[in-house]
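For reference, the structure discussed in these notes is given below.
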Amino acid sequence: MAKQNSVSIRDLSLSFGSVKVLENLNLNIRDGEFLVLLGSSGCGKSTLLNCIAGLLEPTEGQIFIKDRNVTWEEPKDRGIGMVFQSYALYPQMTVEKNLSFGLRVAGLPTDEIARRVSRAASILQIEPLLKRKPAELSGGQRQRVAIGRALVRDVDVFLFDEPLSNLDAKLRSELRVEIKRLHQSLENTMIYVTHDQIEALTLADRIAIMKSGVIQQLDDPTTIYNRPRNRFVAGFIGSPSMNFLKGELAAEGDGIVFKAGGASFSLDGYQVGEALASGRRVVLGVRPEHIRVDGDIQGGEAHEAVVEIEEPMGADNLLWLKHAGHTISVRVGGARRFAVGARVRIGFDMTMASLFDAETEERI
Amino acid sequence: MAKQNSVSIRDLSLSFGSVKVLENLNLNIRDGEFLVLLGSSGCGKSTLLNCIAGLLEPTEGQIFIKDRNVTWEEPKDRGIGMVFQSYALYPQMTVEKNLSFGLRVAGLPTDEIARRVSRAASILQIEPLLKRKPAELSGGQRQRVAIGRALVRDVDVFLFDEPLSNLDAKLRSELRVEIKRLHQSLENTMIYVTHDQIEALTLADRIAIMKSGVIQQLDDPTTIYNRPRNRFVAGFIGSPSMNFLKGELAAEGDGIVFKAGGASFSLDGYQVGEALASGRRVVLGVRPEHIRVDGDIQGGEAHEAVVEIEEPMGADNLLWLKHAGHTISVRVGGARRFAVGARVRIGFDMTMASLFDAETEERI
Amino acid sequence: MAAQSPSGRPNQLFRNLNAKIASIPMMLVALVIFLGGTVWTVFYSFTNSRLLPRLSFVGLDQYERLWASSRWIISIQNLAIYGILSLIFSLVVGFVLAALMDQKIRFENTFRTIFLYPFALSFIVTGLVWQWVLNPEFGIQSVIRSLGWTSFAFDPLYDPDIVIYGILIAALWQGTGLVMCLMLAGLRGIDEDIWKAARVDGIPMWQTYLLIVIPMMRPVFITTLVLIASGIVKVYDLVVAQTSGGPGNASEVPAKYVYDYMFQAQNLGQGFAASTMMLLTVAIIIIPWAYLEFGGRKHG
Amino acid sequence: MANISTLNTAADIDAISSRLAPGPSGRKPRRVLSPRNIMLYGTLTIAALYYLLPLYVMVVTSFKGMPEVRLGNIFSPPMEVTFEPWVKAWAEACTGLNCDGLSRGFWNSVRILVPSVVVSIAVASVSGYALANWRFKGAELFFSILIIGAFIPYQVMIYPIVIVLREIGVYGTLTGLIIVHTIFGMPILTLLFRNYFASLPVELFKAARIDGAGFWQIYFRIMLPMSLPIFVVAMILQVTGIWNDFLFGVVFTRPEYYPMTVQLNNIVNSVQGVKEYNVNMAATLLTGAVPLIVYFLSGRLFVRGIAAGAVKG
Amino acid sequence: TDLEVTHWWTSGGEAAAVGELAKAFNATGNKWVDGAIAGSGSTARPIMISRITGGDPMGATQFNHGRQAEELVQEGLMRDLTDVAEKGKWKEVIRPLSLLDSCTIGGKIYCAPINIHSWQWLWLSNEAFKKAGVEVPKNWNEFVATAPALQKAGIQPLALGGQPWQANGLFDTLTISIGGKELYEKVYKDKDAKVAGGPEMAKIFAAAAQARDMAKGSNVQDWNQATNMVLTGKAGGQVMGDWAQGEFQVAGKKAGTDYSCLPGLGLNGFLTTGGDAFYFPLLKDGEKSKAQDVLAATIVDPKTQVAFNLKKGSLPIRGDVDLAAANDCMKKGLDILAKGNVLTSVDQLVSADTQKQKEDLMSEFFANASITPEAAQKRFANIIASAD
C-alpha cells in the first residue's frame, strides 16, 4: 500500500437497522491533504466522518489512520481531532478549560498543557478570550475555540463537520480563509464535511462528492467543476446550476452536432471521451458563465433568446433567458444590464461544456 | 400625502421595556414595490415587519397601509399576508387545509375558497401536494405552501420574514427566482426581510439597509452596491467584502491623490461628492472585482503585490494579495490561476471606488 | 498490514463496559423487581397461598372468586369512572389553566405556585383535608346551611352514589397543578411564528388552541398521560385517607382490594390474582403505547 | 440622523413633511377592566381560591382552640389565636406510650430523606445518561420494562421486595429503605433524565469522547454541570415523594426510623373521643412544611426543568 | 434488655392500659420499647407480618386471638413458650381454657393471652333517652322500639362507625344475642350453609336491616368516634365490644348513671371470648429471648392482669384474680364468664379470609339500604359454604 496515505477507508459499510447509509465505500486520503466531503443533506457525510472518528461503529470494513488499523480503537487513540457544526464547546468551562480538558483527562503534565494551550491560542489569536465562557463569545470566536480544541491535541488528522454552516455569510467567508491559512501552516491532513460548494471549491485539495452514501467523484476542484464525471456532479456544483439541454446527436456536414428543440449546436472544441454516434440521446450541460451574450460572442454560431428575469448580484448580473422552450441562466458582468423582454443573442463555449448520456447520465 | 404609497411608516418607535429597538423610523413603500429590509442579526428587521403586520404594538408612531391608518387594527384586517422563516405551517393539516383555514374561519363560501386555493396552488405549482401534510414535504415545498397561505388571502401587501434562510443554498437560489417571478406576475407590494445580501440585491426594487433600528440607506440595488452612503453599507454589501485602505489625501501634481502605506493612488475618474482637501484622513474602498490583475490592467498606474491565498470558486477565482501591509482581495475569472507566493501587478478601477471620511465614515 | 483481519474486533460484551456496569442497577430493578416481582405474583396467583406464599396450586379458582366478588366489580367500576374522569378533567383543567397562564399575565409566579403547591402534599394529607372540607358537619355543607340554605346538601363522602366524585375533587386538587406545569412548558415550546401566522390568518384564539396548538402538543400530552395514568392505577392512599373505601364499599378501588386481601384477609392468592388482573389491564394499555413510542423510532 | 438618512426621493420628503396624521397613533389604548382581563383574571382567581381553600382551612383551624373548632364554621378565622395545637402536634401528641409528637419523626424523616434522595437521583441519572448516550443492545428493552413498572401499584410489590431485601440481608435497615425508594423512584426519574440528556446536543458528548473522556468523566465533568434544571425537578419529585411516604417507611423499617408521616398517621388516627382537628391540621402543616418550602423556593426552576426534561419526549 | 413491642392500641383507654403493661415489664429490669401503629389491626398487621417474614422481627407483637398468626408459627418464625407456660401453670389458671387452645399449635404454646374481649355489648346513653323522654331500654328489642322517639328528638338512635369490622361485629352480635348459641355454632363452627341460608338466619338479617335504619346518618369512621356520640348524648346507643368501656372511663362517666351497658344486648347471657394475645418472634439474640420469656410471664401475671384490664375495660384471662375495683359493667361480664356462658369468637372459628368476605358483605349491606336482607343472606350463605 502506498505509504503516503494518511487515512484509508476500505469497503466500509454502515447501516442503521435496515437502512444502509454507507455501502462499500473506499477512500484514500493522502498525508497533508485537504479533502472535502461534499453532498446534499442526508447523504451520509457526517456518518462517514463519525466512522473515521470512531464515534460510530462500521457494520463492515476497515479504517486505517497513518497505516494503522484503527477500526476498533477508541476515538481518543486514533490521533484525530474533530470540530463540530454546533461548536460543541463545554458550556460550563472557560475557553482555557475547554482547550485543556482533553489533555487533563489524558493526564498530561501541567506545564505541557499550558504550553500547548498557549500555542493553540496564539495560532488562533484567542489569547484574550481564554478566561471567558463560551456563552460570552461570538459565533466566530466559538468556532475558533472549537478548532483550538482539536489543535491542542497534536493530532495527525483533523475532522471538520460543517464547521461554518451556523455562521452568517460574512463570517463564513472570513473563517474560510483562516482555515485555509491554518492548513497551509500546519500541513495536517484535514477532512472537511460541508454541503456548501463554495467552501468545497475554495478549500479543497480534492473534493469527494457523495450521494446516498456513494462517492460520485473524487477529484481536484478544477476537474470537478470543469469536467464533472456525471450529471449529478455537474448539477450539484455551480451556482446557479449548470444549464442542461436535452437533445440528441446528429450528423451534420462532416461532424457531429447537438440538436435540441429545433436548434442545433456545433460541438467544435468539445473534448470527447468516447466516440460520438449519431442518434444517441444526450444531455448538454453548459455553465452560466460559459454562455456569451451579444457583444461577447467570439465567433461561432449564435442563437436568439429572450430575457425573462434579471438578477443583479453586485459583481455579476444573472440573466434568465428563454431559448427554444428551455430556460437558460447566463452570468454576465455586474455592469451589463438588460431589460426584461429584450432579445439577445447567445453563444455556447463548447470547450467548457459537458455532454452526458441521457440514460446513464455519465459523461461522454 | 402621496397617493402612490402602499405602506407608510411615520415616526415609528418601539421599545421592549427599556430597550429601544426602533426609534423614530420613517419609511414609505410605493405601490407594487419590492422592498428588501437588509441588516445583520438583531438590528430590528423582524420587529419592524411585525409592527407593519400588527403583531407588535408600536410604542409611538403610525402605520398606513393603502393610505388607511391601521395603527390599531388587527392583523387580519390590514390586508397583509405574511410568510415566516420557520414556515409556521399548521403541522396536522393537509396543505389544502393549511391554505384554506383562514378563509374558512372568515366564513367565505366554499366555492370561492376552492377557487382561491386552486389558483394559489397553480401559481405555486403545488397542486400535486394538496393532500399531503407539511411533514411530508421538502423544505422548498413547505416554503411554497407558506407563500400560498398569504396568496389565498388576496392581500395588497406581502410580508416575508427571512423566508429562505432555512433552506440550503441550491434551493435558496431556485426559490429566489420564483419569488421574483411571483412579484412580476402579481405586482403586489412586497416587503422582504433578509440578512442575505444576494437575496437583497437580486430581488429588491429598493433596499433598506438597517443597523440597530436605524435605516442607513434606502436605494435601488445598483446605487447601494456602487455608491454606498457610508462605510457600514459599503462593508456590509458585497462578498467578499470591499477592500478598505486607510490613508490620507495629498496634493500631487495638479490633482489630489490618495496615499496609504507608502503607495499613492491617483483618484482619476472618482466621482467626488464634495471638495477634496489635502491632508484629510480618509478610507478608500475598492471592491474585489474592481481591481485588475496583470494583463487586465487597462492603463493607469499599477502596484505590485504578492499572492497569499487563492480561492477558486468555480466561475471565479478569489485572490488574497499582500500589498503594502494590507491584505487585498481580488476577484478574477475562474479560468485564471495563480501560484501562492507569485508576484502580480494590480490596478484599481477608481470610477467604481468609494472614498469615506475616516471620522464620520460618510461617503465623500 | 492490509491483511490484518477484521477478527481484531473486540468482544462486543466489553464495549462500553462502564456504561453496562453503570446500568446494572437499572437492569436489576427492571429484571428482578419489576419483571421478577410480576412473574412471581402471577405465579402465586394460581395457588391458594394464605399468609405466606405456598406452592399449592388451585388453578383459576382465585380468578373465579375474584370476578364473582361484588367488591371487585365495584372497585373496577370505580377505577373506570375515576380514571376516565380524572384523565379528562386533569387534562382539560390543566390545559385551560396553562392557556390562561400563557397570556403574559401579571403575578404568573404567584398563580403558578398556588396551583402547584398541593402537589407537594401527600395523598394522606390531601385526603384528610378534603375529608374535612367535605364533612357535612363541619365543612362546606354546614357553612352554607348556617348561611340560611338549610336544605343545602353536599356530602359526597357519605353518599355512596357520588362518593367517587368526592375523591375526584381531592385528586384533581392535588394533581392538576403538575399537569398545568407540563402543559405550560408545552405551550411555551410552540413556535412563536405559529401564533403570528394564526393571527394574520384571523383565526380566533379558541380555534387556534383547539385546532392548531393542541394537535402540536402531542408529546406533552403523552408524557402527561403516562404520569396521570400511572397515578390513577395506583390510587390507594387517597381513598384510604378520605373514606376507607366507604360508605360500605362504594369507593373501593382495585389497589385497595389487593392490599386488603393480601394482608387483612391473609389470602395472598386472592390478592395476587387481583394484582395480576390489574397488571394485565395496564399491560393492555401500555404495551402498544410503549411499542409506538420507543419501538417506532429507535434512534430518536 | 435616522430621519435624514431615509430622505431620499422627493416623494419621501413630501410624506415626512406632513408628519403624523391625525388618527390612531402609538399603542392601542387598553382598558384595565376589559372583558378579556375580567375573564382571564376572574377565572384564575376563582381557580386559585379552589386551590387555596384547603390550605386556608388548615391554617385557620390549626390556630383555633378545640371549643372553637366544635362551633362548626371551618372558614371563620380564629377568634382567639392559639399556638397550642402546634406545640401539641410537634412535641406532645401521643401514639401509644410515646408522647413526643412529630418532633421525633422529623429527624427520622430527614435521615431517610437525604440519603434516599441522593442515592435515587444518582442511580437514576446515571441510568438515564447511559440510556441516552451510551446505547447498547437491550438497553431500551430494560427501559421499557422500567416504564411499565411505573404503573405497578406499590402494594403488589411489597411481598417480592420483602423477600429480596431479606435475601440480601438489609431488611429493616436504613439501607433497605433507601433501596426501596430508589427502586420506586427509578421509572419516572430515569425517563426524565433520559429525555433530558437526549435533548442535550450529541455533539458535546462526541467531542468529549474525542477528548478522551470516559463514561464517568463525561458524566461528571460534562453532563452534570449542564443538568441543573432536571436535577431540580428530580429533587423536588423525590423530596415530596419520599417525605410524604408512609407505606415504605413503616413496612421496611423499624420504629426507631419511623418517618414523620407515621407519626402523623398515628396522631390523626389515634383519636381520643372527638378528633382534635386543630392538632391534626397543625400536624399536617408541619409534615407538609418541608416539601412546601422546597416548592416555594424552587418553583421557577421546576417549570424550567419540566420544560427541558419531560416535554421533549 | 430493650424489647420492641408492636401493637395497635393507641386510643385513650388502650394507651393507658399499655402503659401499665410497660410499667410492669420495666419493673423487671428490662425496657419496653413502644412500637404503636395507629389505625387499628388492619393497618398494623400487614406491617407486623412483613417485618416478621422480612427477617427483622420485633421482640413481641400483639395479635388477636385466633388464627392470624397460625402460618407464622407453622413457618417456625415464632418462639415456643411452652416452658414459660409450664412454669406459670397457665393450663391451670387461664380461663376459659379455650383461649390457650388458640395459642396451641402442634401441642406447643406460642402465645400469651392478655385479655378477653367480648363483642356482645349494647352501650346506651342515659342522657339521650332522658332528652327523648323515654325510658332507658332494657334490651335490644326495647331499644329498637325507642328509635322513633330518639329520632324525633334529633338524636341518632344507633351509632355505627364506617369501618367494615364494626358492621361485621354488629351482625355477629345480633346472631348470638338474637339467634342464640345453637344457631351461632351451626353457622360458624359447623359452617352449615343450609342454616346460614335458612329461616333462623333470615330473622337475624331482618334485625340487621332494622339496625341499618337506626344507624343511618352516623357519619363517623372510627369506633371511638361512634362511642363518643353515645358519650355526649348525640346518639342513643352503640353495639360495640367491651373496649368501649375504656372510653367512658377516660371521659369520667359512671356506669348506671351516665350510661348503661347491656351484655348480650340484654337478650341472653352469652359472650364470645375474643381478645388479644402476644406472640414472640424467634430472635437470634439470646438476651432478647430471655427478655421475651420475662415479658410473657409478666403478661399472665395476676397483678398485671388486674392493672391492664381495669384500664382497658376488658376481662382478665384468669379466674383467680380479684377485680374488686371493677365497675358495674365489668362485673356483669365477669359473672357471665364465671357461669361459663362463653362461646368461641368468630375470629377463631373462621379464617381471616372468610372474615374479610363477611366484612365486605356487611359493610356494603349497612351502607346501602337498597340491598334487601334476602339478597344479603344469599351472599352470606355462599360465603359460609366456602368458608374455612
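A, B, C, D and E are the chain letters, set down in written order, and residue numbers restart from 1 in every chain.
Keep in mind that, in the parts below, a contact is a pair of C-beta atoms (placed from the backbone, for glycine too) under 8 Å apart; a residue touches a chain by one contact, two chains touch by 3 or more.
Treat the numbers as computed from the prediction; the structure is a model and nothing was measured.
Engineer: Starting at chain B, how many touching-chain steps does it take at least to reach chain D?
Structural biologist: Steps on the shortest route: 1.
Engineer: Counting C-beta pairs in contact, which chain pair ranks first?
Structural biologist: The chain pair sharing the largest number of C-beta contacts is C-D.
Engineer: Using CA atoms for the superposition, what rotation angle relates chain A to chain B, in steps of 5 degrees?
Structural biologist: Superposing chain A on chain B takes a rotation of 180 degrees, nearest 5.
Engineer: Could you put a whole-Å number on the gap between the CA centroids of chain B and chain E?
Structural biologist: Each chain reduced to its C-alpha mean, chain B and chain E end up 92 Å apart.
Engineer: Could you give the separation in Å between the centres of chain D and chain E, each centre being the mean of its C-alpha atoms?
Structural biologist: The mean C-alpha positions of chain D and chain E differ by 43 Å.
Engineer: What whole-Å value do you get for the distance between chain C and chain E if each is reduced to the mean of its CA atoms?
Structural biologist: Averaging C-alpha atoms per chain gives centres 38 Å apart.
Engineer: What is the distance in Å between the mean C-alpha positions of chain C and chain D?
Structural biologist: Roughly 16 Å separates the two chain centres.
Engineer: Could you tell me which residues belong to chain E and also touch two or more other chains?
Structural biologist: 46, 53
Engineer: In chain D, which residues are in touch with two or more of the other chains?
Structural biologist: Expected reply: 158, 214, 265, 268.
Engineer: Provide the residue numbers of chain E that touch chain D in the complex, in ascending order.
Structural biologist: 4, 6-7, 9-12, 15, 18-19, 22, 32-40, 43, 46-47, 50-51, 53-56, 58, 222, 224-225, 227-228, 231, 247, 250-251
Engineer: Going by the contact rule set out above, which residues of chain B touch chain D in the complex?
Structural biologist: Interface residues on chain B, with respect to chain D: 1-2, 4-5, 8, 10-11, 23-28, 30, 57-62, 64, 69, 71-72, 208, 213-219, 229.
Engineer: Contact residues on chain D for chain C in the complex?
Structural biologist: Its residues touching chain C are 40-41, 43-44, 47-48, 50-55, 57-58, 69, 72-75, 123, 126-127, 129-131, 134-137, 139-140, 142-161, 164, 182-183, 186, 188, 190-191, 198, 214-216, 240, 243-247, 261, 264-265, 268, 277, 280-281, 284, 287-288, 291-292, 294-296, 299-300, 302-303, 306-307, 310-313.
Engineer: Under the touch definition given earlier, write down the residues of chain B that touch chain A in their complex.
Structural biologist: 40-41, 168-170, 173, 176-177, 180-181, 184, 195-198, 201-202, 221-222, 225, 236-241, 287-289, 309, 311-315, 318, 320, 331, 334, 337, 340
Engineer: Mind pulling up the chain D residues that touch chain B in the complex?
Structural biologist: 1-3, 5-6, 8, 11-12, 14-16, 18-21, 23-28
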